[in-house]
């Protein structure tokens, strides 16, 4: 890697008008294992691939519950995500304390984006190295948001982040028009199908490394993992003799970052 | 002790800060009763338009029934300046909600529902009383409850918050002097299936009685309603007909030669 | 010298004006809004009761159906609300005691903030629930067996009375602490009744300097014993002193209610072999029937003595409900802040239904004047 003069601090501009530290932080999101989220008219679903450091260790949590109506999928530095999750939980609790109701997710992600942004303008601090997919069901219905270390936040119908997420994104782009009418289980299946393409070459999607969460009308945020995920994986195997995300774009899988 | 983390972010919106160190220990310019009742298709509020400065009738066209957002109405008695500051605060929050609504949805219901406004107001009033710097008001909040999915429920909401943060809901409410004179009358006449006309007649009767009996009341009144369709309507001030020809009023001695009448 | 006189006189003036100010009407952050809460621990049940009158601190009645700050659930917000109970007006005769009383089993609903929504008048007609069954001894009571996915741990209830705004704030504060504790344990931390009791003590004591004027009782099922769960009741003062009792009450009129309940329950606890003569004045026991003889006192955990009084009563839940109702009726005769209605939450452990307790909400009319 060549050495750049303008990346010593987040507050230093490069002559091309870029903040290199922020861009590096964006790169760390791409190192994290894949995470996808999508929504129908009634539900939001997050799917994620979990990694484990070794055979003997457990898989790392990729989906975190924030409140009954909201959860996040993460790609990037897990430790940063934990800090943010703690803050988000606290925001939800405080809103409940004052208003007695669940925090509207739009307000939460905007505040979250502000939090990201603050670090990009402050000397000595570093941007959060994590991208989040926020899935929620609030008084306006289901939502999916994507946040970046740069402080950007997008509301989407579906999105994918992390390593090899391009194939997942391609799957979502191809099928997103059918999502609104999907019921809960169909939406989970779409999530798994998109996720299959994100698995690295020699691996496969199993009940150990797969993780799905769903939230929706009359359903609180629920994590589906392990045993509970198996029926969906069986169905996936049954349905897809041939497909899955075929156009896998190899990206540099990084072991440098613990994710 | 704090097991939880510090409050922050927009979940706890800035509460009005105390300017200087002079704390209100008694109200100066005050409005009297606010009456409220649920009826078949909504909530009806009533108040007169008088604000008194001690015993002087200071402002005779002061509006104390105020729409906060498109689905919520408040009515306040007590210190009028505090009421205005509360209403400013709530309207500011409502505007912020409206402006920050940024979504793929065409959102109509980004606004707070009446119960959220009421709950928030409770926190504001309680915080101020805990700083020994109260907002000297009893504030009635009216609107509709909200279903979990955000649609407006069919169930009307009516709650009140007082200056120390006591908050409760009921089918009929009256603040100030009305709590003594109008509330029993309203409790007696109240039915959940009252028509609007009936409820309005009840409130007007109570306002008239209050005008007769409460030295700080006026016969120039306003009526406001929140309906199931999500409409908030506040009437222009109008005058109630009053009847002063009772014998006891006309004849100082009530014709008895004793100390009747006034 | 002149200057001295000036300063001293201004000092006097200052003192004087201070005096004037303090004697003028001062803002009082507290108000006692009435309310009386009581709880009874039984061998396999626990119940908590409150009246529903909210006064303005004086003679005025703000609301006759206030409950949200009186009885509330001390468990996480994710706790499933218990289904509604069917509403039935009871025939006068079937009322177990207090002949003039009319009982009804309330359609109760738990709101997400933990409060028990005041049962509505029966305008919507009784809503039958699929889980419902009827007791043989009390055919007018409807029971709700919780759905099979109901949480294993039983709910804990807190009753609070005193300054209504403080009670409401205490409720929110307490539930915030609880939620923030629980969300740090995503695997699901569930506090038992004794932990809830300790947490409440901490929250109350946290405001030692500017106390919450809320006088509390805690009621829940204690699952620590290997031989099934027993009822546990704790009573508090405003700044967090508390103890475990069998029968406790707090709030306005507790001085009236406590001795009545003590008497009623000590009679209920005595074996029912005294004959029901027409002239039945029970002879006062020569000792407190609730006390445990020295020889039978057991050592508790960490070598501490178990309280030398029984921590639960022996009588049946039906009798406990009746005693509570009679106690409240008596207090309502003399205490103007108590009246309108009482609401009783009864938590009963059912050995047959996969060990999860059932909850029943019973309301009972009191004097309205």
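Here the chain labels run A, B and C in written order, and each chain numbers its own residues starting at 1.
By definition in this document, a residue touches a chain if its C-beta (ideal position, glycine included) is under 8 Å from a C-beta of that chain, and two chains touch if they have at least 3 such contacts.
None of the values given here were measured: they were computed from a predicted structure.
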| item | value |
| --- | --- |
| Which of A-C and B-C has more C-beta contact pairs | B-C |
| Identity of the chain that, by mean CA position, is farthest from subunit C | A |
| Between subunit A and subunit C, centroid-to-centroid distance (C-alpha), Å | 45 |
| Mean-CA-position distance for subunit C and subunit B (Å) | 32 |
| Numbers and ranges of subunit B residues touching at least 2 other chains | 4-5 |
| Sequence positions of subunit C contacting 2 or more other chains | 176, 180 |
| Multi-chain contact residues (two or more partners), subunit A | 90, 93-94, 97, 100-101 |
| Footprint of subunit A on subunit B - complex, ascending | 4-5, 7-12, 100-105, 107, 109-110, 112-113, 115-116, 119-120, 123, 146, 148-150 |
| In the complex with subunit A, residue positions of subunit C that touch it | 77-78, 112-113, 172-173, 175-176, 179-180, 183, 186 |
| Subunit A to subunit C touching residues, read off their complex | 64-65, 67-68, 89-90, 93-94, 96-97, 100-101, 220 |
| Subunit A to subunit B touching residues, read off their complex | 86-87, 90-95, 97-101, 103-104, 106-107, 110-111, 138-141, 143, 155-157, 217-218 |
| Contact footprint of subunit C on subunit B as seen in their complex | 1, 3-5, 23-26, 122, 125-126, 129-130, 132, 134, 162, 164-170, 179-180, 187, 192 |
